[in-house]
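Have a look at the structure that comes next, please.
In this document, chain identifiers A, B, C, D, E and F correspond to the written order of the chains, with residue numbering beginning at 1 in each.
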Amino acid sequence: MTGPVRIRSGVPGLDEITGGGLPANSLVVISGDPGSGKTTMCLQYLFMGATQFNENGVFISLEETEEEIVRAASYYGWDLASLIKSGRLKTITVELYDFDKLKNTIEDAVASVNAKRLVIDPGVIFRLYFERELDARKRIMSLGRMLKRLGCTAWITNEIALDAPMSLFGLEEYVADGVVLMYHTKYQDRFVRSIGILKMRGTTFSEKLHPMILTEHGVHIFADKDLFEQAPPAAANAGKGRGG
Amino acid sequence: MTGPVRIRSGVPGLDEITGGGLPANSLVVISGDPGSGKTTMCLQYLFMGATQFNENGVFISLEETEEEIVRAASYYGWDLASLIKSGRLKTITVELYDFDKLKNTIEDAVASVNAKRLVIDPGVIFRLYFERELDARKRIMSLGRMLKRLGCTAWITNEIALDAPMSLFGLEEYVADGVVLMYHTKYQDRFVRSIGILKMRGTTFSEKLHPMILTEHGVHIFADKDLFEQAPPAAANAGKGRGG
Amino acid sequence: MTGPVRIRSGVPGLDEITGGGLPANSLVVISGDPGSGKTTMCLQYLFMGATQFNENGVFISLEETEEEIVRAASYYGWDLASLIKSGRLKTITVELYDFDKLKNTIEDAVASVNAKRLVIDPGVIFRLYFERELDARKRIMSLGRMLKRLGCTAWITNEIALDAPMSLFGLEEYVADGVVLMYHTKYQDRFVRSIGILKMRGTTFSEKLHPMILTEHGVHIFADKDLFEQAPPAAANAGKGRGG
Amino acid sequence: MTGPVRIRSGVPGLDEITGGGLPANSLVVISGDPGSGKTTMCLQYLFMGATQFNENGVFISLEETEEEIVRAASYYGWDLASLIKSGRLKTITVELYDFDKLKNTIEDAVASVNAKRLVIDPGVIFRLYFERELDARKRIMSLGRMLKRLGCTAWITNEIALDAPMSLFGLEEYVADGVVLMYHTKYQDRFVRSIGILKMRGTTFSEKLHPMILTEHGVHIFADKDLFEQAPPAAANAGKGRGG
Amino acid sequence: MTGPVRIRSGVPGLDEITGGGLPANSLVVISGDPGSGKTTMCLQYLFMGATQFNENGVFISLEETEEEIVRAASYYGWDLASLIKSGRLKTITVELYDFDKLKNTIEDAVASVNAKRLVIDPGVIFRLYFERELDARKRIMSLGRMLKRLGCTAWITNEIALDAPMSLFGLEEYVADGVVLMYHTKYQDRFVRSIGILKMRGTTFSEKLHPMILTEHGVHIFADKDLFEQAPPAAANAGKGRGG
Amino acid sequence: MTGPVRIRSGVPGLDEITGGGLPANSLVVISGDPGSGKTTMCLQYLFMGATQFNENGVFISLEETEEEIVRAASYYGWDLASLIKSGRLKTITVELYDFDKLKNTIEDAVASVNAKRLVIDPGVIFRLYFERELDARKRIMSLGRMLKRLGCTAWITNEIALDAPMSLFGLEEYVADGVVLMYHTKYQDRFVRSIGILKMRGTTFSEKLHPMILTEHGVHIFADKDLFEQAPPAAANAGKGRGG
């Protein structure tokens, strides 16, 4: 079998730990602890896509306004406002009450900028809209299928915590092509950030957890290093953890 | 007592840890953590059955479309599309609302390709259809009995997680002939994959957990090795974990 | 006080760890993890009783059909079909909806083969039939009393798991004369089987957990050995774990 | 303050760990794991009281019949039947539906044999009779007060388990003069029995857990020994654990 | 800032671990495990206040009668009956159904003996009176405010257990000036008693847990000692744990 | 990207661990264990702002009265009464029933003293006002947005405990610019205080937990020290833990 067509994420280290880069058109669930950098990495993915790899993008937000999204990105020096103005990026803030309307909104947005990259943030909010787990399950998988038909490499975020992981109801298990886990946990006297790949179809991937940091340039993953119990190496300490 | 008639699964190492191979016509529950490779191993089982051992098969999906199933298999080089075309495999996507209709659908599918292998994936979704545990229990056991009358060696998947195992309500304990557990758990700084046999009627089986990997050829179980706390041996590292 | 009249279970090692054998007419609760061998041991008890010790028996099943029970026993070479034919064993599959009818059914079955041994499997299903815990408690204790009046040595199974033990509501504590625990738990890289006596009236018993195995001849308990953390001795390894 | 008037329980070792014996007229809650020997120790208390210390007694059972109580005691050679016949002991089996009737029943029984010792077993069943915790609390404390006015030294049993201790709602904390804990827990490869005093008004008491065994003569507490992690001393092994 | 006016509790060691004594007019929550000595310490506080420090007191009981309170204190040689007679102490047993009536009752009682010390025992019962957490929260804080206006140094008890701490709904966090924790936990083969100060406004306090014992003279705290894992020192062993 | 405009908190050590000081106009969630010093640090922040840094402030209390707030601050020598009188600080106690009214109240208060600093305490009470999690989520985020439009650097407190962290529903994850965690946990024989930054947009921050103490001058954070397992250094011991 020939290797898949891969995209370059623009997130240092991520391509390396996914065997060379995410397969194009994958649907990836990004699950992470609070403050682990999920949203930051998503913004980085879109910004780099538009500025470095000629891939336009769409940010579907279920909670933040465009202004808030632009401001969040600005902390890292990512000028989303210009990209929005020049039609390379589009942000949409949606209400989820009307699930069918959501699908149309997403399709239109993708078409409007001819997007190749897509982010939905946060995915966890889906579960709040359905009483029966069975309905949530079907709707979310239906959404996942729609996303994959769009011809984008789509990321959907999920917030987890050690005590009550909020599953996206079969999305991770069946429809998603990949699942990435971002940890930000207290270990003895510090918070330790790490990232691991739970699943990624169509490619080999690292089975380890890798240290990662948040710098003033966004997320940085150390693909060559295992997770230490002591302080991460000097290179990481230079740009101490920054963003949200 | 003479030994049972056994099938050859086609999954490297699985036959060895089940005392020489699964007894024919067994009903086996495949329980696994998210991303542990349950669905991959099921596809491998059907593909190998059809191409290597002249056993046609049926894949009953409760969540995925035929297209998705075919694509998932293609990542491993398993061309299910041809097998479906040539009548050696059949995939059915069913709604579970009508439980009786489900039984008929399965029976018809098995007959249509004279199947000897059967997969139902995911089994866990049964529990979402019944309010009273007693009803779920009876229906699922009734389904299990029907499966055993079909003359197939049937696998039914179940998703588990360390905190809330979702039992298939007596299916494992009474009707199922075997229960296989696939672990994919975080241990220190890596994810470790392992497989064990909880129960298998009619044959001896290994009481240990065995390391396993996902390669570009599917699931590979190390029947000769115990589970190490450190990195698995070189042979495993060559084809690093792939699929989903 | 003179020693009690004891029965010989026919399960190797069980009589030794119960001070010489279960007191006749005891009501014993057999609690075990999934796949621990509860049902196997019950079938062994009945088969040995009928073929070795001239004690006929009744198997009351709340979930399995006679055919399934006979097949399950056949894996161990226990020909229940002949015993049923010759009136030495009787199996009954009952619905629990009508609790009073259950009692009559049991009494009739015991009388019909003049049974001295009785098994009810699984006992856990009782709790699904009652809304109020108080009702469940009273009904089950009433059933337990009825069983003791039958003049049989009766075993009733209960499924437990580490996180949510399903108690038989006072049955173990007050009415049952004995409680046997069968463990089948993951320990490091293997599954370990063990058995222990929590309670047994009228006799001394071992306060230890003993290793046990499932062989092609059924359950085998090592009365002389303590539970090791490493592999059980050579004698055990010869017939590696088999049944369900 | 002068020392209290004490009773002699008749349970070897119990008087020693309660600073010389339970203060007369105490209300003591006996909390224990399943199979820990609560009921046995209560029967021992009553039997010894009637035969050794000229204190008649009443056994109030909320679950067992007189016949079952007598039989349970007979395993230890305690002939309760004779004591009942000669008016030295009385057993009553009560329904708890009518809580006020319960009180009258108890008062009458105590008067009828001029009892100085009283047992209520099991106390845990109280909580099943009340919807609101507040009502349960008031009723149980009211019962406790009534018991103390009777001029008996009263024991009331409570079943506990490590995961969900069933509290007797303030009884232990406020009304009860003493609380005794009986453990029967799995430790590595054996079951270990121990007993400890959580609280005892009016006297000093041991703050340690003491090993205890069940022999053919009932409960035996080792007041002079601390709890070992290894096997209890030879004296204990002679009469291996018996009862219920 | 000048040091606060302090009271002398009369409980040996308590003043030392609260930086010299509780600030006068503080509202302190005394939280403790069952049998930890909360009520004993409260009685000691009132008795010493009336006999040693010329501070009259009021004991508001939500569960015990005056007779029971007096008896509980008598075990330690504290003659509350005389103090009640001479108008130095007052005990009130209240129903909580009418929360407003409770306030009036407390105010009247304090005025009647010109109390400077106040105890409410047990505080935990408040939560049973309100359906909505918001109402419980408001009422309890309102009660706390009323207590502080009375010009007393008030103690309110709370029962906690390791698995389900019953919080007094913001009382500890906002209205209470201090929170004292009394532990009575099983550690290996013994019960260990300790006390610690979680919070105390207006003064420094020890951040450690200190060993404590119950003697025939009440609670005794070892302010100079840290908590050992082995037996407490000889001085403690002399008067072995007594009370309730 | 130029560095952000920063404020000086006035809490020793806090500016250092937030990379030089909180970015102006941030919304920060202060989450802490009971008794960890959240409210104390908030009062310190406002007092120092008004007296040292010429930034007026508003304290929005959802539970305490102005009198209680003033008194709580007085323990540290912070004279809020004068600041209120001179129009440099304002305290408001609000009912949350009318959420829209809350917003107006806050806006008016901020305008009335031209506040640059704002505290809402406790934020946790929001969750008690909404039945559906979705509503709570929207309202709280709407409040958060309003706070950020006010041109203040706003702190909102949240009470957490190890077993059931009460999340402010997406506020921390999306709207809040920063999250600070204050621990006050039992470790062996003492209570240990520590503080860490989970998230802070627009600046680097320390990824470690730092020891902190409560002294008679308020909260003091040791920015230069890691968290020790043994006693904190001498400087900390000098002013032993004080406040609430």
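By our rule, a residue touches a chain if its C-beta (ideal position, glycine included) is under 8 Å from a C-beta of that chain, and two chains touch if they have at least 3 such contacts.
Only a predicted model underlies this, so the values are computations on that prediction, with no experimental measurement involved.
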Distance in touch steps, counted as few as possible, from subunit A out to subunit D: 3
Same-residue or different-residue interface between subunit A and subunit F, half as cut-off: different
Chain located farthest away, centre of subunit A as origin (C-alpha): D
Angle (degrees, nearest 5) of the CA superposition of subunit C onto subunit D: 60
Mean-CA-position distance for subunit D and subunit B (Å): 53
Interchain centroid distance [CA atoms averaged], subunit C/subunit F, Å: 61
Rounded Å distance between subunit E and subunit F, as computed from the means of their C-alpha atoms: 31
Of all residues in subunit F, the ones touching two or more other chains: none
Chain contact topology (line, ring, star, complete or other): ring
Successive chains around the closed ring, taking subunit D as origin and subunit E next: D, E, F, A, B, C
Residues on subunit B engaged by subunit A in the complex (per definition of touch): 34-35, 39, 63-65, 68, 72, 74-77, 122, 125, 128-129, 159, 161, 184, 186, 188-193, 216, 239-244
Interfacial residue positions of subunit D with respect to subunit E in the complex: 1, 19, 132-134, 137, 141, 145, 165, 167, 170, 172-175, 177, 179, 194, 196, 198-209, 226-227
